[in-house]
Amino acid sequence: MSVSPAMTTETPDVIEEPSLLRDTARAFARNRMALVGLCFVLILVCVAVFAPLVSPHDPYRVALDEQLLPASTTYWLGTDNFGRDVLTRILYGARISLVVGIVPSLISLLIGTFMGVLSGYIGGKVDFVIMRLADMMIAFPSLLLAMVVMYTLGANLFNIFIALALVGWAGVARVVRSQTLALKEKEFIEAARANGTSRATIMFRHIFPNVVPTLIVLFSLSIPDAIMWESSLSFLGVGVQPPEASWGLLISRGKEYLFQAPLVAIAPGVAILLTVLAFNFVGDGLRDALDPSMKD
Amino acid sequence: MKNKVKLLLASGLASLVLLSPALADQMLRISYSEDPKTADVQMTTDFYTLPLNVFDRLIEAETTGPGTSALVPGLAESWEISQDGLVYTFHLRQGVQFHDGAELTADDVAYTFDRMLNPATKALGTDILDFVAGAQERLDGAADTVTGLKVLDKYTIQITLSQPYAAFLALMASPQASIYNRAFTEAAGDQFGLTPETTNGTGPFILQSYELNDSQMLVANKNYFRGAPKLDRILIRVVSDSETLRLLFETDEIDVFDMDYATSQTPYFYGNDQWKDQIRTGPRVGMYYYHINQAIKPFDDVRVRKAFQMAINREQILEKNFYGKGQLENGVMPRGLTCYEPATPIEYNPVKAKELLAEAGYPDGVEITLAQVSSWSSKWSDMNQIIQAQAADAGFKVKINTMDEAAYFAQRKAGAIDAYTQSWSADFNDPDNFFYTFFSDSGTKVRAFNNEDPEAFAAIDKARSMTDPEARCALYRDLGERIVQTDAAWVPLFSLDHSYVVQPRVKNFVVPWNGWSDMNYYKMEIAE
Amino acid sequence: MLMFAIRRILVSIPVLIGITAILFVMLNVIPGDPVALLMKEHASPEVIARVTAQMHLDDPLWTRYFRFLSGALQGDLGTSIKLNRSVTDLILKAFPNTLYLAACAAVVSWVIGIPAGILSAVRRDSFADRFFMGFSLLGVSMPIFWSALLMQYVFALKLKLLPVSGFYGFEYVIMPAIVLGWSSAGVIARLTRSSLLEVMRHDYIRTARAKGLREVRVISRHALKNALIPVVTIMAIQIASLLSGAVITEAIFGIPGVGRISINAIQARDMPLLQGSVLFATVLVILGNLVADILYSILDPRIRSQMRKGAQ
């Protein structure tokens, strides 16, 4: 589904109090699932960064004599059809899946924010053109768009970033634009304008900081989205390429062994499941915490 | 929405029929990984199940045993070949009826081949008629008829070739040579073969329904000239996902599971008590190979090519990736092909390969790239990954470049693609189908081998028109040695068996001689 | 209202033309040759060249684009290169199947998402809140091809309750609808939850509470009606996006829908078919958005007046 998670995000009021951070942290901490999610994400990041240290085996070593071994004390989750340790592959897969989650989300956030603020603040023809562009991106079937990009540029990690950023920026731009429109009417912006502050400064110094809370929520919710997208691309064969491994690729390659060695496909699926769930909890927690309308 | 409801009702009924085991009629349920697009064989080069069952050929290649075949009379009862090997006269069987009741005549045969060459048809399979006199003129639009096609009388057709071609009879038995009916096909125009209403052949089965991306249903042709088939119906379902196919088979919704779609399941089926006796297997007259593009460095150097041949542990791949179901091959021809004889073995020797690389000026190893296609079965990319690991011992640093199929064929056609692995199985039982395909002047370019060897080109051309079988086979043998041993232009891997698992009710399932997935189901039976 | 709809449709015309033009250019940049692909392993250079010319695929880019545009304006989207059939027919035949799947999936997502959203709003920050939100998010957390495979394994192979794959009746749609619908239930649940929380802060709810009405009554009688407005309006958009999101579900469950066609089209570099299916999907999304806005204005009088202003 490409209905933007932002549709449910309320427009936050202007950040004025310095205690906001503390309030947010407190509100966030009240939400136990969000905390659990955050812990999971942090552990995952550590695992990903230190994959070579924590992995019991070499992820690329081909040992055809040890194909599809069941779980054992040597291979906790068994081995795949190349005799590679499934657990190690998953730990290394965490690196790629996280990068695939984070980098394209950042790029689409950057582009989307820039376009959104520009469109909302300047208005007129700029607004019209940017919004029609965004309309196009949103109306275009996303999976096809991503496939076209992958086919054109070739299947590798960097091009996945481009494909996913292209799919994602328009949603961000729309949300940011509507917030910018609301902010534009606020007194402190009008005051700045009256003071003769340049448009660029207003956009960067005054509007942007006020969009940040929304961006944080959008970011945390678009990471799991991107991870899922990559898995779809992997299923269609245009995602990360072996012998590298993303979780999506591990499932789509492992599923043919469901009968002989179910763990090869099930374990990376569980990894995606938990990670995506964790990010969603964190995102929901952040939104609840950052959104003043949610406070009693 | 109303239509939708109707459609669902109709398909609901279909599903009742489909699922009810008590139904008395004999229905075979098989699958296809992709929609076959059409029954018109002139418009396809790789979906032959419909043509093989809906149409007949003048001659048929009958499977006589595992991996062996014989050319037997089909629609042609008998034929003569002139002394010079140029004129083929076919005498048609009389009284053969098309599904619409029309009688087959020599004019239909002439029409069929003329239609293939008619530029308005935009046919893809024209190369089977390359040797017919006047074919090129017709294709180019320079002539309105084909001079080499002549109707002598109602049941006699004469085909004249522009030069002798030893494999012509075998070609006439290939699916592309299916015979159509003039009146019907002309009326159907470009819709021919796309729907049941616009399909008409003489074959044992009649196309009854065609739902794009879903299924085709064939029913028995009770008036088939050899006698009605044993099966009443064949349901061909389009199942694109191989795990889904597997589950369909295990839940008894499909009768035949083609292990090509899940090579990795070989040990499971062979080791499973329920299925191990239900496996039908036969050799595939086909070759797994690595292609080498000599236009791309470092493969311009024969020593590097030789080293690559030696750096691959084929035995291990056959054993581990294909579970030993096949045999190593060292030539251009696989077992089962006319003229086949074991060739000089290629040795697995990473040490020597390393020396060869050093000799060629790469003492520290050399980087090479393998191309692979994203949508192909994982066995290809698995093989590349294994080779990546194996060839590292000899000093090859293998990079793998994945692309999608359309890009792959475009690059390959342009001669610019990196080395890749593929298989080829015989369309017709003649060495020409291998040598010409890969090492003729046009084949070596369009497949991006770029093995520019005028002597090989000349030998292949010469062999095509030779009429003495023994001398011809000897020529092919020498040519094979030259290509594999001297020039190292080809890396033969192995020929594999093709295995199927069938439900116990399926009787008389015979793996076709060439080991294809596409076969004729005329003799098959279903018995509870 | 009519003015508004007309204006929206007019504004979307450049969007449609833009999309077709971009697609055309992109498809010319993508490496690939539809005719070589038709012939696959049997490719011969002469035949490829001849058939390419016969299909007019070697015409200049703009010639082909204008041929497509003028055809499209007359309702003719051309002939598929790969399938050799009319693109319009192909799409119209596949569309009801996808629509049926998308509608069933949408129902599943509401059945899971709306109650989950309500419960978690009512019991905000409780275990129930987390549990129901978690359950509705579970669907979006599993790759469809993974959850589909597990479901097929359990419900078709082990329990023998449902057919594995195919499209021959209602029982065949159950699994794909659950897989697809569950994957969008999280969005519905979130929307329901936040919208209900928002409504419950309003004065009339406080008044109702102050009058001593039971909480269940307050919610079912007063809050829900208003809280569900955004949920209802998003439905049109949701169905449109399910239509184009059904690609993988269709492939796994063997449903002959438009998603399969569009994927086939791009893999085959089948320009007419791809153009046709993208155009079709785009129009659906635009219409879905329009319907959503109109629904919103009907349900919420405040917006209606704004829209009238906007149209002028």
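The letters A, B and C name the chains in turn, as written, and every chain counts its residues from 1.
Criterion: a contact is a pair of C-beta atoms (placed from the backbone, for glycine too) under 8 Å apart; a residue touches a chain by one contact, two chains touch by 3 or more.
Please read all numbers here as calculations on a predicted model, not as lab measurements.
**Student:** Taking each chain's centre as the average of its Cα atoms, which is closest to the average over all protein Cα atoms shown?
**Tutor:** C
**Student:** Name the chain pair with more contacting C-beta pairs, choosing from A-B and B-C.
**Tutor:** Of A-B and B-C, it is B-C that has more C-beta pairs in contact.
**Student:** So the centre of each chain is just the mean of its C-alpha atoms; given that, what is the distance between subunit A and subunit C in Å?
**Tutor:** 21
**Student:** Starting from the mean Cα coordinates of subunit A and subunit B, work out the distance between those two points in Å.
**Tutor:** So the centre of subunit A lies 45 Å away from the centre of subunit B.
**Student:** Give, as an integer number of Å, the spacing between the C-alpha centres of subunit C and subunit B.
**Tutor:** 39
**Student:** Could you list which residues of subunit B touch at least two other chains?
**Tutor:** 243, 375, 403-404, 406-407
**Student:** By residue number and range, which residues of subunit A touch two or more other chains?
**Tutor:** 151, 236, 255, 258
**Student:** Which subunit C residues reach two or more other chains?
**Tutor:** 30-32, 145, 149, 153
**Student:** Spell out the residues on subunit A that touch subunit B in their complex, using ranges where they run on.
**Tutor:** Answer in residue numbers: 62, 64-65, 67, 81-82, 151, 154-155, 236-238, 241-243, 253, 255-260.
**Student:** Quick one: which bits of subunit C touch subunit B in the complex? Just the residue numbers, please.
**Tutor:** Those in contact with subunit B are residues 30-34, 36-48, 50-51, 54-55, 82-85, 90, 93-94, 96, 99-100, 145, 149, 152-153, 156-157, 160, 163-170, 172, 251-254, 256, 260-261, 264, 267-269.
**Student:** Applying the document's contact rule, which stretches of subunit A touch subunit C when the two form their complex?
**Tutor:** Within the complex, subunit A touches subunit C at residues 1-3, 5, 7-8, 10, 30-33, 132-133, 135-136, 138-144, 147-148, 151-152, 224, 228, 231-232, 235-236, 248, 251-252, 255, 258, 265-266, 269, 272-274, 276-277, 280-281, 284, 293-294.
**Student:** Give the list of subunit B residues in touch with subunit C in this complex.
**Tutor:** Contact set of subunit B toward subunit C: 1, 3-4, 7-8, 11-12, 14-15, 18-19, 35, 37-38, 43-46, 119, 122, 124-127, 139, 190, 194, 211-214, 237-241, 243-244, 247-248, 250-251, 253, 375, 403-407, 409-413, 422, 424, 442, 445-446.
**Student:** Touching residues of subunit B toward subunit A in the complex: what are they?
**Tutor:** 242-243, 246, 262, 264-265, 267-268, 316, 320-321, 374-375, 378, 381-382, 385-386, 388-389, 400-404, 406-407
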